[in-house]
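When the chains are written out, they are named A, B, C and D in that same order, and each has its own residue count from 1.
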Amino acid sequence: MSSVYSEIILDYYRHPRNKGTLDHPHIKAKDSNPLCGDIIEMQLELDGNDSVKDVRFNGQGCAISQASASMLTELVKGKKLDDVRSISKEEILSLIGGQLSAVRLKCALLSLKVLKTGVYTYLGSMSNSKEELSGL
Amino acid sequence: MIEGLDRYYREYNANVFRGVYQISEEATAAYETARKRIAELINAKDPSEIIFVRGTTEAINLVAHSWGRSNIGLGDSVMLTEMEHHSNIVPWQLLARDKGAQLKYVGISDEGRLLTEEFHGYLENGGVKLFAVTQVSNVLGTVNPVREMVREAHRYNCRVLVDAAQSVPHIAVDVQDLDCDFLAFSGHKMCGPTGIGVLYAKRDLLEKMEPYQGGGEMIREVHLYEASFKDPPFKFEAGTTDISGAIGLGVAVDYLSKVGLRNIRNHERDLTAYALDKLGKLKQMRIYGPADPDTRGGVISFNLADIHAHDMASLLDEDGIAVRSGHHCAQPLMERLGVAATTRASFYLYNTEGEIDRLVESLERAGRVFKI
Amino acid sequence: MIEGLDRYYREYNANVFRGVYQISEEATAAYETARKRIAELINAKDPSEIIFVRGTTEAINLVAHSWGRSNIGLGDSVMLTEMEHHSNIVPWQLLARDKGAQLKYVGISDEGRLLTEEFHGYLENGGVKLFAVTQVSNVLGTVNPVREMVREAHRYNCRVLVDAAQSVPHIAVDVQDLDCDFLAFSGHKMCGPTGIGVLYAKRDLLEKMEPYQGGGEMIREVHLYEASFKDPPFKFEAGTTDISGAIGLGVAVDYLSKVGLRNIRNHERDLTAYALDKLGKLKQMRIYGPADPDTRGGVISFNLADIHAHDMASLLDEDGIAVRSGHHCAQPLMERLGVAATTRASFYLYNTEGEIDRLVESLERAGRVFKI
Amino acid sequence: MSSVYSEIILDYYRHPRNKGTLDHPHIKAKDSNPLCGDIIEMQLELDGNDSVKDVRFNGQGCAISQASASMLTELVKGKKLDDVRSISKEEILSLIGGQLSAVRLKCALLSLKVLKTGVYTYLGSMSNSKEELSGL
């Protein structure tokens, strides 16, 4: 009976932090998981030092995708873009905890994929990062 | 079924219709026997009305291409319903776009039944050349009154295609009684292999239809600049067909016939009644589709409280219960129901009341995990 | 191969790409692994360039429909050869008829080689949008210089489709080296199941191509009046695909790769040399196709005196030897050769010189029966 | 080594009787076996009593199809149309002798099918005979 649906996940699902949109985001990216229909949009506002001043996510879908997106927003807040770029899947998965099947992994990592797509596009290095993104 | 396939591979692995030698004759015979069995199952007048295809999707695309392109033109309409599977929507969208035709959708009531006034209204307005409708909804379970709708449509010279993917495996289907013009179903939903399915069409329509794919086996004679085609069904089976799939489907049909489709239907109706009752007692449970087990099939789509369908499937999977969740290839229906996805449990001949009890227990656990 | 299929049915019989539950994920993974294996076999740049179809015939029809209809118009031409299989003729006849395009046929020499002057001539005359050519003739055994022809065709902006039904199972095929735009082959000719085959196409072409069939699994979103489609390869795989077939083909590819296509080719070349020598010594024997075993594959078509090919097949069958007789789905080639039919022996990795000796003995007996 | 290719079959194949065409046939029918490519045409001239006055076959194909067609012409010559109509497959097969596989059966019976099609068409009873013909 060890469910991935821990208290923490449920809490972020029912009471998402940083959900919504920003007025003047520097970075905006959106994607969906065609298999599940989960949708995630990420918005970032930067300060002069290319650090994340503010962040919001928006979307709909299962508890895993929505909770992990919300957790990710907390993780990136205040970080330098360069550090955001190097967030690994493992970090996300350890935030979620529990064992995920291959399909649910896609739900868990959707927000990271969206975030990185946004960051790479902003930095103009989208093309050389396709491979990494396809691994998410 | 697996044994049937296997036997084919070990004994008959030769190309059907080719070669003069013995082994190939046996494969041909088994292939044609499968065709005959399937014709009997749905009471087709003649085995030549049975065309082997990859599945329901290909069957519908074949009709859209070979019959649709010559019979549906600018300003004509194709009538569908809001509960169709994508496979019975997208081919008609593509055709409508190419031909400048229109799509009309018969809506559904909140209980998940077709709005017959809309159906009649569209027919009366004229120009409807085809009505493509599912016999049993793969989401709602609704059994549509296809027989009556065919009679009505024919009065307006409107042909009818029946998507029987969810009916042929579960209820006795008689194409002569239905009097439908086309009927499509898939092997993998009826204990048969993947990659094989059937298009039934009335012989006189098949005779007038253009070929679908060109190539080996569907031709009579090929010259450099012209070719003549065989009679149906061969005209529509280009290339090396899925012999093993067809034979496997034949074995599955034998099996279902032996069990008896009336027995299967009765068993499913009883299970469905039991499940509707048990599930209906759970709080914050929303079940989609008709409440009366006599006029619905054995699929039950539901949502429990605010638990997303994918989370529900994962939770049930943790207890070893396999269900499907998502839009079930029926996004327009999801929009109509106002949900992103549903969880769907489906019952077949091998399921038991005990399994429904386990499902209910697992749903209760899901409710506790999500603290609803 | 049978074991691979069987395992699938027992363990993974769930619909690929559907359902969230475990069993289905494994089927999806096995299906995608098969795609990867096939991409490696023919050295495609990316697995997304591999589309699962029913066989060579469907692959060619897919190209004719999805690429052909948008890229070949009134007055354009499609260039074929006199040695094509019906599957690489009829789809182009149907397209040409619908679009008002022309067909041009590259002729063959008496030894069964393409007349390269004609090939160049057609290209120079202009308007040739596609060259569709078999890599290895299923009747003559001729191995065509596809790599060189692709280079030449591309100079004239002419795309090239390679019918690789007879090459992929027998010789090492490298699509990047060939630089062909499309390539088609069938599972059942390479120790794989019937009902499954492959279309390879360059990614940039796939991205621009229209979908072929509409339905489940190939869509991104469906609304009542419009739909958007997934990226290749899924865009071209509508409906429940032949998961078991694809997995079975993957197992066959593994097997062939393990044996090694260079070893297979060498073995076949040796057998072919041996057979050409032995058969050539029989009196009143006519062998079609190139005499040099280095530039031909392991099929040998022949006629002995006035013995009709079907009688020959029956006579050999009486001795337990399986050959094919007839037009081999290449009637235009039969007309060119001036015969109604040929008998064809074909050699594969599992054949031996001893079997060729038995074939020769049986041919001698046939000669005695027919008193030639 | 019991081959269906008896001396008799070979003799009819190499030296067909009644091969050719008639100047004024009352009955003419032609069909082919799409699987094998065998082609057979049958021509009949009748006398005033609806008896077969003369008969020819023409065609190409394997020894079985050509020999059996030639044998059939000999069998029908002089017969009443009603008797021609009742010739059975078994009669043809006993003329040929030997064991035939299902595919070669089609070759052996092609001429009978053509002949009966011609006769039924002439007698105006084609439609009720479709079933019999499809069994050939």
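Just so we're on the same page, contacts are C-beta pairs under 8 Å (C-beta built on N, C-alpha and C of every residue); 3 or more make two chains touch, one makes a residue touch a chain.
Being a predicted model, the structure only gives us computed values, none of them experimental.
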Greatest Cα-centroid separation from chain C: which chain?
A
Is the number of contacting C-beta pairs greater for A-B or for B-D?
A-B
Could you put a whole-Å number on the gap between the CA centroids of chain A and chain B?
39
Dist(centroid_CA(chain A), centroid_CA(chain C)) in Å evaluates to 46
Between chain B and chain C, what is the gap in Å from one C-alpha centre to the other?
31
Can you list every residue of chain B that touches 2 or more other chains, as numbers and ranges?
20, 22, 310, 314, 317, 326
Would you mind listing the residues of chain D that make contact with two or more other chains?
35-36, 101, 104
Contacting residues of chain C [partner chain A, same complex]
17, 20, 22, 25, 29, 220, 230
Under the definition above, what is the set of chain B residues touching chain C in their complex?
1-2, 5-6, 9-10, 14-16, 18-23, 54-58, 60-61, 64, 82, 85-91, 93-94, 103, 105, 186, 188, 193-196, 211, 213-219, 221-227, 238-245, 310, 313-314, 316-317, 322-326, 329, 331-332, 335
In the complex of these two chains, what residues of chain D are touching chain C?
1, 3-5, 10, 14, 35-38, 60-64, 101, 104, 107
In their shared complex, at which residues does chain B touch chain A?
306-311, 314-315, 317-318, 326-327, 340-341, 365, 369-371
Which stretch or stretches of chain D touch chain B in the complex?
34-36, 101-104
